[in-house]
Amino acid sequence: MDYLHWFDLMGIAVFAISGTLAAWRKQMDGFGVLVLASVTAIGGGTLRDVILDVPVVWINDNSYFIAIFSAALLTILLLRKRLTIPNNTLQFFDAIGLAFFVIMGTQKALDLGTSNLVAVMMGTMSAVAGGMIRDVLCRDIPMVFRGELYAVTCIVGGVVYILALHAGASTLLAMVLGMTSLFSLRLAAIKWQ
Amino acid sequence: MDYLHWFDLMGIAVFAISGTLAAWRKQMDGFGVLVLASVTAIGGGTLRDVILDVPVVWINDNSYFIAIFSAALLTILLLRKRLTIPNNTLQFFDAIGLAFFVIMGTQKALDLGTSNLVAVMMGTMSAVAGGMIRDVLCRDIPMVFRGELYAVTCIVGGVVYILALHAGASTLLAMVLGMTSLFSLRLAAIKWQ
Amino acid sequence: MDYLHWFDLMGIAVFAISGTLAAWRKQMDGFGVLVLASVTAIGGGTLRDVILDVPVVWINDNSYFIAIFSAALLTILLLRKRLTIPNNTLQFFDAIGLAFFVIMGTQKALDLGTSNLVAVMMGTMSAVAGGMIRDVLCRDIPMVFRGELYAVTCIVGGVVYILALHAGASTLLAMVLGMTSLFSLRLAAIKWQ
(Lines give C-alpha, C1' and ligand atoms only; values in the text may rest on other atoms or scores of the structure.)
Protein backbone atom coordinates (compact mmCIF):
# COMPACT_ATOMS: atom_id res chain seq x y z
CA MET A 1 0.00 0.00 0.00
CA ASP A 2 2.42 2.55 -1.29
CA TYR A 3 -0.05 5.47 -1.37
CA LEU A 4 -0.21 5.24 2.43
CA HIS A 5 3.43 6.33 2.55
CA TRP A 6 2.58 9.41 0.45
CA PHE A 7 -0.19 10.41 2.84
CA ASP A 8 2.29 9.93 5.68
CA LEU A 9 4.90 12.15 4.02
CA MET A 10 2.28 14.81 3.30
CA GLY A 11 1.32 14.89 6.98
CA ILE A 12 5.01 15.01 7.90
CA ALA A 13 5.60 17.95 5.53
CA VAL A 14 2.63 19.95 6.86
CA PHE A 15 3.74 19.41 10.45
CA ALA A 16 7.28 20.43 9.44
CA ILE A 17 5.88 23.68 8.02
CA SER A 18 4.15 24.43 11.32
CA GLY A 19 7.45 23.83 13.16
CA THR A 20 9.28 26.10 10.74
CA LEU A 21 6.72 28.88 11.24
CA ALA A 22 7.13 28.59 15.02
CA ALA A 23 10.93 28.82 14.74
CA TRP A 24 10.60 31.84 12.43
CA ARG A 25 8.29 33.64 14.85
CA LYS A 26 10.83 33.07 17.64
CA GLN A 27 13.65 34.35 15.40
CA MET A 28 15.62 31.13 15.71
CA ASP A 29 18.60 30.33 13.49
CA GLY A 30 18.82 27.69 10.74
CA PHE A 31 19.55 24.90 13.19
CA GLY A 32 16.55 25.89 15.30
CA VAL A 33 14.38 25.69 12.18
CA LEU A 34 15.62 22.17 11.39
CA VAL A 35 15.13 20.94 14.95
CA LEU A 36 11.65 22.46 15.34
CA ALA A 37 10.53 21.24 11.90
CA SER A 38 11.80 17.71 12.67
CA VAL A 39 10.46 17.55 16.22
CA THR A 40 7.00 18.76 15.18
CA ALA A 41 6.88 16.31 12.28
CA ILE A 42 8.27 13.14 13.87
CA GLY A 43 8.22 13.81 17.63
CA GLY A 44 4.84 12.19 18.19
CA GLY A 45 5.61 9.11 16.11
CA THR A 46 9.02 8.72 17.74
CA LEU A 47 7.52 8.84 21.23
CA ARG A 48 4.86 6.31 20.19
CA ASP A 49 7.47 3.90 18.76
CA VAL A 50 9.78 4.23 21.77
CA ILE A 51 6.90 3.50 24.16
CA LEU A 52 5.65 0.59 22.04
CA ASP A 53 9.26 -0.62 21.81
CA VAL A 54 9.31 -1.00 18.03
CA PRO A 55 11.97 0.45 15.68
CA VAL A 56 11.50 4.19 15.25
CA VAL A 57 9.79 4.71 11.91
CA TRP A 58 12.38 7.06 10.35
CA ILE A 59 15.52 5.21 11.47
CA ASN A 60 15.86 3.32 8.20
CA ASP A 61 13.98 5.61 5.87
CA ASN A 62 15.49 8.87 4.66
CA SER A 63 12.30 9.95 2.91
CA TYR A 64 11.00 11.43 6.19
CA PHE A 65 13.92 13.82 6.46
CA ILE A 66 13.83 14.68 2.78
CA ALA A 67 10.16 15.67 3.26
CA ILE A 68 10.96 17.65 6.42
CA PHE A 69 13.96 19.50 5.05
CA SER A 70 12.24 20.31 1.73
CA ALA A 71 9.16 21.63 3.54
CA ALA A 72 11.30 23.72 5.91
CA LEU A 73 13.43 25.14 3.09
CA LEU A 74 10.43 26.01 0.95
CA THR A 75 8.71 27.68 3.90
CA ILE A 76 11.78 29.78 4.70
CA LEU A 77 12.14 30.81 1.03
CA LEU A 78 8.48 31.89 0.94
CA LEU A 79 8.80 33.75 4.25
CA ARG A 80 11.91 35.58 3.02
CA LYS A 81 9.97 36.75 -0.04
CA ARG A 82 7.22 37.91 2.34
CA LEU A 83 4.88 35.36 0.83
CA THR A 84 2.76 33.28 3.16
CA ILE A 85 1.01 30.00 2.78
CA PRO A 86 -2.72 30.79 3.19
CA ASN A 87 -3.88 29.63 6.61
CA ASN A 88 -6.89 27.67 5.35
CA THR A 89 -4.71 25.78 2.86
CA LEU A 90 -2.42 24.82 5.74
CA GLN A 91 -5.36 23.77 7.92
CA PHE A 92 -6.82 21.68 5.12
CA PHE A 93 -3.63 19.66 4.69
CA ASP A 94 -3.08 19.57 8.45
CA ALA A 95 -6.51 17.92 8.77
CA ILE A 96 -5.49 15.24 6.23
CA GLY A 97 -2.19 14.65 8.05
CA LEU A 98 -3.95 14.51 11.40
CA ALA A 99 -6.50 11.96 10.16
CA PHE A 100 -3.70 9.84 8.79
CA PHE A 101 -1.46 9.99 11.89
CA VAL A 102 -4.24 9.19 14.35
CA ILE A 103 -5.60 6.18 12.49
CA MET A 104 -2.19 4.72 11.59
CA GLY A 105 -0.98 5.20 15.17
CA THR A 106 -4.09 3.55 16.58
CA GLN A 107 -3.70 0.63 14.19
CA LYS A 108 -0.02 0.20 15.03
CA ALA A 109 -0.82 -0.08 18.73
CA LEU A 110 -3.68 -2.53 18.11
CA ASP A 111 -1.37 -4.67 15.94
CA LEU A 112 0.95 -4.95 18.94
CA GLY A 113 -1.93 -6.20 21.09
CA THR A 114 -2.72 -3.17 23.27
CA SER A 115 -6.21 -2.53 24.59
CA ASN A 116 -8.56 -0.24 22.64
CA LEU A 117 -8.12 2.49 25.25
CA VAL A 118 -4.33 2.47 24.97
CA ALA A 119 -4.54 2.28 21.16
CA VAL A 120 -6.66 5.45 20.91
CA MET A 121 -4.27 7.22 23.27
CA MET A 122 -1.28 6.14 21.17
CA GLY A 123 -2.99 7.32 17.99
CA THR A 124 -3.78 10.70 19.52
CA MET A 125 -0.27 10.97 20.94
CA SER A 126 1.26 10.28 17.49
CA ALA A 127 -0.67 13.25 16.18
CA VAL A 128 -0.34 15.84 18.96
CA ALA A 129 2.89 15.13 20.91
CA GLY A 130 5.16 16.59 18.22
CA GLY A 131 3.35 19.92 18.43
CA MET A 132 3.55 19.80 22.22
CA ILE A 133 7.34 19.35 22.13
CA ARG A 134 7.54 22.20 19.57
CA ASP A 135 5.65 24.48 21.95
CA VAL A 136 7.80 23.47 24.95
CA LEU A 137 10.99 24.24 22.98
CA CYS A 138 9.48 27.62 22.04
CA ARG A 139 8.65 28.18 25.71
CA ASP A 140 4.90 28.31 25.03
CA ILE A 141 2.15 26.45 26.84
CA PRO A 142 1.13 23.67 24.39
CA MET A 143 -1.44 25.07 21.98
CA VAL A 144 -3.36 21.80 22.04
CA PHE A 145 -4.29 22.50 25.71
CA ARG A 146 -6.07 25.68 24.70
CA GLY A 147 -8.15 24.62 21.70
CA GLU A 148 -10.18 21.67 22.90
CA LEU A 149 -11.56 20.60 19.54
CA TYR A 150 -8.21 19.70 18.01
CA ALA A 151 -7.43 16.83 20.37
CA VAL A 152 -11.04 15.74 20.84
CA THR A 153 -11.30 15.35 17.06
CA CYS A 154 -8.35 12.93 17.19
CA ILE A 155 -9.95 10.89 19.97
CA VAL A 156 -13.25 10.70 18.09
CA GLY A 157 -11.49 9.53 14.91
CA GLY A 158 -9.68 6.77 16.82
CA VAL A 159 -12.92 5.68 18.49
CA VAL A 160 -14.78 5.56 15.16
CA TYR A 161 -12.00 3.41 13.70
CA ILE A 162 -12.18 0.93 16.60
CA LEU A 163 -15.99 0.82 16.64
CA ALA A 164 -15.95 0.08 12.90
CA LEU A 165 -13.51 -2.78 13.45
CA HIS A 166 -15.71 -4.17 16.23
CA ALA A 167 -18.77 -3.88 13.98
CA GLY A 168 -17.02 -6.22 11.57
CA ALA A 169 -15.62 -3.77 9.04
CA SER A 170 -12.41 -4.69 7.20
CA THR A 171 -9.27 -2.80 8.26
CA LEU A 172 -9.42 -0.76 5.06
CA LEU A 173 -13.08 0.20 5.50
CA ALA A 174 -12.50 1.04 9.19
CA MET A 175 -9.53 3.22 8.22
CA VAL A 176 -11.57 5.07 5.61
CA LEU A 177 -14.42 5.61 8.10
CA GLY A 178 -12.07 6.75 10.89
CA MET A 179 -10.09 9.11 8.67
CA THR A 180 -13.16 10.55 6.95
CA SER A 181 -14.97 11.26 10.21
CA LEU A 182 -11.85 12.81 11.76
CA PHE A 183 -11.21 14.90 8.66
CA SER A 184 -14.83 16.12 8.39
CA LEU A 185 -15.05 16.95 12.09
CA ARG A 186 -11.82 18.89 11.85
CA LEU A 187 -13.01 20.89 8.83
CA ALA A 188 -16.29 21.57 10.63
CA ALA A 189 -14.38 22.78 13.69
CA ILE A 190 -12.32 25.15 11.50
CA LYS A 191 -15.49 26.56 9.89
CA TRP A 192 -17.22 27.15 13.26
CA GLN A 193 -14.39 28.87 15.05
CA MET B 1 0.98 -9.67 45.98
CA ASP B 2 -2.17 -8.04 44.76
CA TYR B 3 -2.30 -5.38 47.49
CA LEU B 4 0.87 -3.89 45.94
CA HIS B 5 -1.14 -3.02 42.85
CA TRP B 6 -3.65 -1.14 45.02
CA PHE B 7 -0.88 0.94 46.60
CA ASP B 8 0.40 1.61 43.10
CA LEU B 9 -3.01 2.78 41.88
CA MET B 10 -3.43 4.98 44.95
CA GLY B 11 -0.13 6.69 44.20
CA ILE B 12 -1.17 7.04 40.56
CA ALA B 13 -4.49 8.62 41.56
CA VAL B 14 -2.87 11.13 43.94
CA PHE B 15 -0.33 12.17 41.29
CA ALA B 16 -3.19 12.49 38.77
CA ILE B 17 -4.95 14.85 41.19
CA SER B 18 -1.84 17.04 41.37
CA GLY B 19 -1.69 17.14 37.57
CA THR B 20 -5.37 18.06 37.39
CA LEU B 21 -4.90 20.89 39.90
CA ALA B 22 -2.00 22.25 37.84
CA ALA B 23 -4.08 22.17 34.63
CA TRP B 24 -6.96 23.90 36.45
CA ARG B 25 -4.69 26.67 37.72
CA LYS B 26 -3.45 27.27 34.17
CA GLN B 27 -7.05 27.30 32.86
CA MET B 28 -6.45 24.46 30.44
CA ASP B 29 -9.23 22.64 28.65
CA GLY B 30 -10.44 19.07 29.22
CA PHE B 31 -7.72 17.59 27.05
CA GLY B 32 -5.05 19.52 28.94
CA VAL B 33 -6.44 18.09 32.18
CA LEU B 34 -6.22 14.53 30.84
CA VAL B 35 -2.68 14.99 29.52
CA LEU B 36 -1.37 16.67 32.69
CA ALA B 37 -3.07 14.14 34.97
CA SER B 38 -1.63 11.24 32.93
CA VAL B 39 1.85 12.69 32.54
CA THR B 40 2.15 13.48 36.25
CA ALA B 41 0.91 10.02 37.21
CA ILE B 42 2.79 7.80 34.77
CA GLY B 43 5.50 10.03 33.27
CA GLY B 44 8.17 8.96 35.75
CA GLY B 45 7.40 5.25 35.48
CA THR B 46 7.28 5.46 31.68
CA LEU B 47 10.68 7.15 31.51
CA ARG B 48 12.10 4.53 33.90
CA ASP B 49 10.75 1.64 31.82
CA VAL B 50 11.91 3.12 28.51
CA ILE B 51 15.43 3.63 29.90
CA LEU B 52 15.52 0.16 31.46
CA ASP B 53 14.15 -1.19 28.14
CA VAL B 54 11.30 -3.18 29.69
CA PRO B 55 7.63 -3.01 28.61
CA VAL B 56 6.01 0.18 29.83
CA VAL B 57 3.93 -0.73 32.88
CA TRP B 58 0.57 0.62 31.67
CA ILE B 59 0.74 -0.70 28.09
CA ASN B 60 -1.24 -3.84 28.90
CA ASP B 61 -3.13 -2.71 31.98
CA ASN B 62 -6.10 -0.37 31.69
CA SER B 63 -6.45 -0.01 35.47
CA TYR B 64 -3.85 2.80 35.41
CA PHE B 65 -5.94 4.96 33.11
CA ILE B 66 -9.15 4.14 34.94
CA ALA B 67 -7.48 5.38 38.14
CA ILE B 68 -6.15 8.52 36.39
CA PHE B 69 -9.37 9.46 34.62
CA SER B 70 -11.51 8.82 37.73
CA ALA B 71 -9.19 10.92 39.89
CA ALA B 72 -9.16 13.74 37.31
CA LEU B 73 -12.93 13.70 36.88
CA LEU B 74 -13.58 13.69 40.63
CA THR B 75 -11.14 16.56 41.14
CA ILE B 76 -12.78 18.66 38.42
CA LEU B 77 -16.24 17.99 39.88
CA LEU B 78 -15.06 19.08 43.33
CA LEU B 79 -13.35 22.19 41.92
CA ARG B 80 -16.51 23.16 40.01
CA LYS B 81 -18.49 22.98 43.28
CA ARG B 82 -15.81 25.19 44.85
CA LEU B 83 -14.88 22.33 47.15
CA THR B 84 -11.21 21.57 47.64
CA ILE B 85 -9.36 18.54 48.79
CA PRO B 86 -7.62 19.60 52.04
CA ASN B 87 -3.94 20.09 51.38
CA ASN B 88 -2.73 17.93 54.27
CA THR B 89 -4.94 15.04 53.12
CA LEU B 90 -3.35 15.31 49.68
CA GLN B 91 0.15 15.44 51.14
CA PHE B 92 -0.55 12.41 53.34
CA PHE B 93 -1.56 10.26 50.36
CA ASP B 94 1.18 11.76 48.22
CA ALA B 95 3.71 10.57 50.82
CA ILE B 96 2.29 7.03 50.61
CA GLY B 97 2.43 7.11 46.81
CA LEU B 98 5.95 8.51 46.87
CA ALA B 99 7.19 5.81 49.25
CA PHE B 100 5.66 3.18 47.02
CA PHE B 101 7.00 4.54 43.71
CA VAL B 102 10.56 5.02 44.96
CA ILE B 103 10.94 1.56 46.48
CA MET B 104 9.23 -0.30 43.62
CA GLY B 105 11.29 1.64 41.06
CA THR B 106 14.52 0.90 42.92
CA GLN B 107 13.63 -2.79 43.13
CA LYS B 108 12.74 -2.98 39.44
CA ALA B 109 16.16 -1.60 38.49
CA LEU B 110 17.98 -3.94 40.90
CA ASP B 111 16.05 -6.91 39.44
CA LEU B 112 17.48 -5.96 36.04
CA GLY B 113 21.00 -6.02 37.43
CA THR B 114 21.86 -2.32 37.69
CA SER B 115 24.25 -1.01 40.31
CA ASN B 116 22.89 0.32 43.62
CA LEU B 117 23.65 3.87 42.53
CA VAL B 118 21.68 3.56 39.29
CA ALA B 119 18.85 1.74 41.12
CA VAL B 120 18.37 4.58 43.63
CA MET B 121 18.41 7.10 40.77
CA MET B 122 15.80 5.07 38.88
CA GLY B 123 13.60 4.85 41.98
CA THR B 124 13.82 8.58 42.55
CA MET B 125 13.20 9.28 38.87
CA SER B 126 10.05 7.10 38.91
CA ALA B 127 8.72 9.30 41.68
CA VAL B 128 9.71 12.81 40.59
CA ALA B 129 10.04 12.88 36.78
CA GLY B 130 6.27 12.91 36.19
CA GLY B 131 5.93 16.09 38.24
CA MET B 132 8.88 17.61 36.40
CA ILE B 133 7.24 17.00 33.01
CA ARG B 134 3.98 18.44 34.43
CA ASP B 135 5.82 21.61 35.43
CA VAL B 136 7.58 21.92 32.06
CA LEU B 137 4.25 21.61 30.22
CA CYS B 138 2.85 24.32 32.54
CA ARG B 139 5.89 26.45 31.75
CA ASP B 140 7.06 26.45 35.39
CA ILE B 141 10.50 25.66 36.70
CA PRO B 142 10.15 22.16 38.21
CA MET B 143 8.89 22.49 41.79
CA VAL B 144 11.15 19.65 42.90
CA PHE B 145 14.19 21.91 42.23
CA ARG B 146 12.94 24.43 44.76
CA GLY B 147 11.95 22.26 47.75
CA GLU B 148 15.03 20.24 48.52
CA LEU B 149 13.46 17.88 51.05
CA TYR B 150 11.07 16.25 48.61
CA ALA B 151 13.72 14.65 46.42
CA VAL B 152 16.20 14.04 49.23
CA THR B 153 13.49 12.06 51.03
CA CYS B 154 13.21 9.81 47.99
CA ILE B 155 16.95 9.25 47.84
CA VAL B 156 17.07 8.41 51.56
CA GLY B 157 14.22 5.91 51.18
CA GLY B 158 16.00 4.17 48.31
CA VAL B 159 19.27 4.05 50.25
CA VAL B 160 17.55 2.58 53.33
CA TYR B 161 15.99 -0.10 51.15
CA ILE B 162 19.33 -1.08 49.64
CA LEU B 163 21.18 -0.98 52.98
CA ALA B 164 18.52 -3.27 54.45
CA LEU B 165 18.97 -5.71 51.57
CA HIS B 166 22.75 -5.66 52.09
CA ALA B 167 22.26 -6.23 55.81
CA GLY B 168 20.51 -9.47 54.91
CA ALA B 169 16.87 -8.42 55.19
CA SER B 170 14.31 -10.19 53.00
CA THR B 171 12.92 -8.17 50.08
CA LEU B 172 9.64 -7.72 51.95
CA LEU B 173 11.32 -6.48 55.16
CA ALA B 174 13.60 -4.15 53.17
CA MET B 175 10.57 -2.75 51.34
CA VAL B 176 8.73 -2.12 54.58
CA LEU B 177 11.80 -0.42 56.08
CA GLY B 178 12.44 1.69 53.00
CA MET B 179 8.82 2.77 52.60
CA THR B 180 8.32 3.46 56.30
CA SER B 181 11.43 5.61 56.61
CA LEU B 182 10.59 7.52 53.42
CA PHE B 183 6.99 8.03 54.56
CA SER B 184 7.97 9.19 58.07
CA LEU B 185 10.66 11.55 56.79
CA ARG B 186 8.19 13.03 54.35
CA LEU B 187 5.55 13.59 57.05
CA ALA B 188 8.22 15.14 59.29
CA ALA B 189 9.27 17.46 56.44
CA ILE B 190 5.63 18.55 55.95
CA LYS B 191 5.25 19.29 59.68
CA TRP B 192 8.45 21.34 59.83
CA GLN B 193 7.87 23.54 56.81
CA MET C 1 40.64 1.49 23.38
CA ASP C 2 40.53 2.59 26.99
CA TYR C 3 41.65 6.17 26.34
CA LEU C 4 38.38 6.69 24.45
CA HIS C 5 36.53 6.21 27.73
CA TRP C 6 38.64 8.96 29.31
CA PHE C 7 37.75 11.39 26.53
CA ASP C 8 34.14 10.43 27.04
CA LEU C 9 34.29 11.09 30.79
CA MET C 10 36.02 14.42 30.19
CA GLY C 11 33.21 15.51 27.86
CA ILE C 12 30.67 14.28 30.43
CA ALA C 13 32.38 16.28 33.20
CA VAL C 14 32.49 19.51 31.15
CA PHE C 15 28.81 19.18 30.22
CA ALA C 16 28.01 18.50 33.91
CA ILE C 17 29.79 21.75 34.81
CA SER C 18 27.62 23.66 32.34
CA GLY C 19 24.49 22.10 33.88
CA THR C 20 25.70 23.02 37.37
CA LEU C 21 26.32 26.63 36.33
CA ALA C 22 22.79 26.83 34.88
CA ALA C 23 21.27 25.46 38.10
CA TRP C 24 23.34 27.92 40.16
CA ARG C 25 22.18 30.88 38.05
CA LYS C 26 18.55 29.82 38.61
CA GLN C 27 19.19 29.44 42.36
CA MET C 28 18.13 25.81 42.40
CA ASP C 29 18.74 23.52 45.37
CA GLY C 30 21.17 20.60 45.58
CA PHE C 31 18.79 18.21 43.88
CA GLY C 32 18.28 20.66 41.02
CA VAL C 33 22.06 20.83 40.59
CA LEU C 34 22.33 17.04 40.39
CA VAL C 35 19.48 16.73 37.91
CA LEU C 36 20.68 19.55 35.66
CA ALA C 37 24.29 18.33 35.73
CA SER C 38 23.18 14.78 34.86
CA VAL C 39 20.68 15.76 32.20
CA THR C 40 23.15 18.06 30.44
CA ALA C 41 25.88 15.42 30.54
CA ILE C 42 23.97 12.28 29.59
CA GLY C 43 20.64 13.52 28.22
CA GLY C 44 21.81 13.51 24.60
CA GLY C 45 23.43 10.08 24.78
CA THR C 46 20.40 8.64 26.59
CA LEU C 47 18.02 9.93 23.93
CA ARG C 48 20.30 8.55 21.20
CA ASP C 49 20.44 5.09 22.82
CA VAL C 50 16.70 4.95 23.49
CA ILE C 51 15.96 5.86 19.85
CA LEU C 52 18.55 3.40 18.52
CA ASP C 53 17.11 0.81 20.95
CA VAL C 54 20.46 -0.18 22.47
CA PRO C 55 21.23 -0.34 26.21
CA VAL C 56 21.66 3.13 27.66
CA VAL C 57 25.38 3.74 28.02
CA TRP C 58 25.44 4.56 31.76
CA ILE C 59 23.07 1.82 32.92
CA ASN C 60 25.90 -0.57 33.80
CA ASP C 61 28.73 1.87 34.31
CA ASN C 62 28.94 3.99 37.46
CA SER C 63 31.92 5.97 36.17
CA TYR C 64 29.56 8.35 34.35
CA PHE C 65 27.85 9.38 37.57
CA ILE C 66 31.12 9.59 39.47
CA ALA C 67 32.36 12.02 36.81
CA ILE C 68 29.11 14.02 36.90
CA PHE C 69 28.84 14.24 40.68
CA SER C 70 32.53 15.11 41.12
CA ALA C 71 32.31 17.83 38.48
CA ALA C 72 29.12 19.25 40.03
CA LEU C 73 30.55 19.20 43.56
CA LEU C 74 33.80 20.84 42.50
CA THR C 75 31.93 23.53 40.59
CA ILE C 76 29.70 24.31 43.57
CA LEU C 77 32.73 24.49 45.89
CA LEU C 78 34.46 26.92 43.51
CA LEU C 79 31.31 29.03 43.13
CA ARG C 80 30.88 29.22 46.92
CA LYS C 81 34.42 30.55 47.21
CA ARG C 82 33.55 33.09 44.53
CA LEU C 83 36.08 31.50 42.21
CA THR C 84 35.11 30.86 38.63
CA ILE C 85 36.38 28.53 35.99
CA PRO C 86 37.70 30.82 33.22
CA ASN C 87 35.28 30.81 30.31
CA ASN C 88 37.87 30.07 27.65
CA THR C 89 39.15 27.06 29.63
CA LEU C 90 35.60 25.74 29.75
CA GLN C 91 35.08 26.35 26.04
CA PHE C 92 38.35 24.60 25.21
CA PHE C 93 37.34 21.41 27.04
CA ASP C 94 33.76 21.74 25.79
CA ALA C 95 35.14 21.69 22.23
CA ILE C 96 37.04 18.45 22.99
CA GLY C 97 33.92 16.89 24.54
CA LEU C 98 31.80 18.03 21.63
CA ALA C 99 34.19 16.56 19.05
CA PHE C 100 34.18 13.28 20.94
CA PHE C 101 30.40 13.04 21.42
CA VAL C 102 29.55 13.84 17.81
CA ILE C 103 31.96 11.37 16.24
CA MET C 104 31.24 8.53 18.69
CA GLY C 105 27.49 9.08 18.30
CA THR C 106 27.76 9.07 14.51
CA GLN C 107 29.83 5.89 14.60
CA LYS C 108 27.38 4.16 16.98
CA ALA C 109 24.50 4.84 14.59
CA LEU C 110 26.50 3.68 11.55
CA ASP C 111 27.43 0.48 13.39
CA LEU C 112 23.71 -0.21 13.78
CA GLY C 113 23.19 0.19 10.05
CA THR C 114 21.53 3.58 9.78
CA SER C 115 21.94 5.80 6.72
CA ASN C 116 24.65 8.47 6.70
CA LEU C 117 22.03 11.19 7.10
CA VAL C 118 20.50 9.59 10.21
CA ALA C 119 23.99 8.87 11.61
CA VAL C 120 25.05 12.53 11.42
CA MET C 121 21.77 13.56 13.05
CA MET C 122 22.30 11.03 15.84
CA GLY C 123 25.85 12.26 16.40
CA THR C 124 24.70 15.87 16.57
CA MET C 125 21.80 14.94 18.84
CA SER C 126 24.17 13.13 21.24
CA ALA C 127 26.08 16.37 21.58
CA VAL C 128 23.36 19.01 21.76
CA ALA C 129 20.16 17.41 23.14
CA GLY C 130 21.41 17.35 26.74
CA GLY C 131 21.92 21.10 26.67
CA MET C 132 18.49 21.55 25.11
CA ILE C 133 16.82 19.61 27.95
CA ARG C 134 18.86 21.66 30.45
CA ASP C 135 17.53 24.88 28.92
CA VAL C 136 13.94 23.61 28.86
CA LEU C 137 14.15 22.68 32.57
CA CYS C 138 15.53 26.18 33.26
CA ARG C 139 12.65 27.64 31.25
CA ASP C 140 14.99 29.15 28.66
CA ILE C 141 14.75 28.86 24.89
CA PRO C 142 17.50 26.38 23.97
CA MET C 143 20.79 28.27 23.58
CA VAL C 144 21.75 26.11 20.61
CA PHE C 145 18.91 27.73 18.60
CA ARG C 146 20.48 31.14 19.04
CA GLY C 147 24.15 30.52 18.21
CA GLU C 148 24.15 28.89 14.84
CA LEU C 149 27.82 27.92 14.73
CA TYR C 150 27.65 25.50 17.66
CA ALA C 151 25.34 22.99 15.99
CA VAL C 152 26.65 23.56 12.47
CA THR C 153 30.13 22.67 13.74
CA CYS C 154 28.76 19.33 14.95
CA ILE C 155 27.14 18.60 11.61
CA VAL C 156 30.35 19.46 9.73
CA GLY C 157 32.38 17.15 11.99
CA GLY C 158 29.99 14.27 11.39
CA VAL C 159 30.06 14.86 7.64
CA VAL C 160 33.88 14.94 7.56
CA TYR C 161 33.96 11.64 9.46
CA ILE C 162 31.61 9.97 6.98
CA LEU C 163 33.35 11.42 3.92
CA ALA C 164 36.67 10.12 5.24
CA LEU C 165 35.16 6.64 5.68
CA HIS C 166 33.82 6.74 2.13
CA ALA C 167 37.20 7.87 0.82
CA GLY C 168 38.60 4.65 2.24
CA ALA C 169 40.10 5.86 5.50
CA SER C 170 40.28 3.44 8.42
CA THR C 171 37.80 4.06 11.28
CA LEU C 172 40.62 5.43 13.44
CA LEU C 173 41.86 7.84 10.77
CA ALA C 174 38.30 8.97 9.99
CA MET C 175 37.71 9.58 13.69
CA VAL C 176 40.86 11.64 14.02
CA LEU C 177 39.94 13.68 10.93
CA GLY C 178 36.34 14.21 12.07
CA MET C 179 37.30 15.17 15.62
CA THR C 180 40.15 17.43 14.57
CA SER C 181 38.10 19.36 12.04
CA LEU C 182 35.20 19.73 14.49
CA PHE C 183 37.56 20.84 17.26
CA SER C 184 39.40 23.37 15.06
CA LEU C 185 36.20 24.81 13.63
CA ARG C 186 34.81 25.20 17.13
CA LEU C 187 37.95 26.99 18.37
CA ALA C 188 37.85 29.23 15.30
CA ALA C 189 34.19 30.05 15.99
CA ILE C 190 35.06 30.98 19.60
CA LYS C 191 37.87 33.28 18.42
CA TRP C 192 35.66 35.03 15.85
CA GLN C 193 32.68 35.72 18.06
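Labels for the chains are A, B and C, by order of writing; each one numbers its residues from 1.
Going forward, a residue touches a chain if its C-beta (ideal position, glycine included) is under 8 Å from a C-beta of that chain, and two chains touch if they have at least 3 such contacts.
Here the structure is a predicted model, which means the values were calculated and not measured.
Interchain contacts join each chain to each other chain, per the touch definition above. Overlaying chain A onto chain B using CA atoms gives a rotation of 120 degrees, to the nearest 5. If each chain is reduced to the centroid of its CA atoms, chain A and chain C end up 31 Å from each other. Contacts with at least two other chains are made by residues 50, 53, 136, 139 of chain B. On the side of chain C, the complex with chain A involves touching residues 50-53, 113-115, 117-118, 121, 132, 136, 139-142, 144-148, 150-152. Those residues of chain A that touch chain C in the shared complex are 23, 26, 28-32, 35-36, 46, 50, 53, 55-56, 58-60, 62, 65, 136-139.
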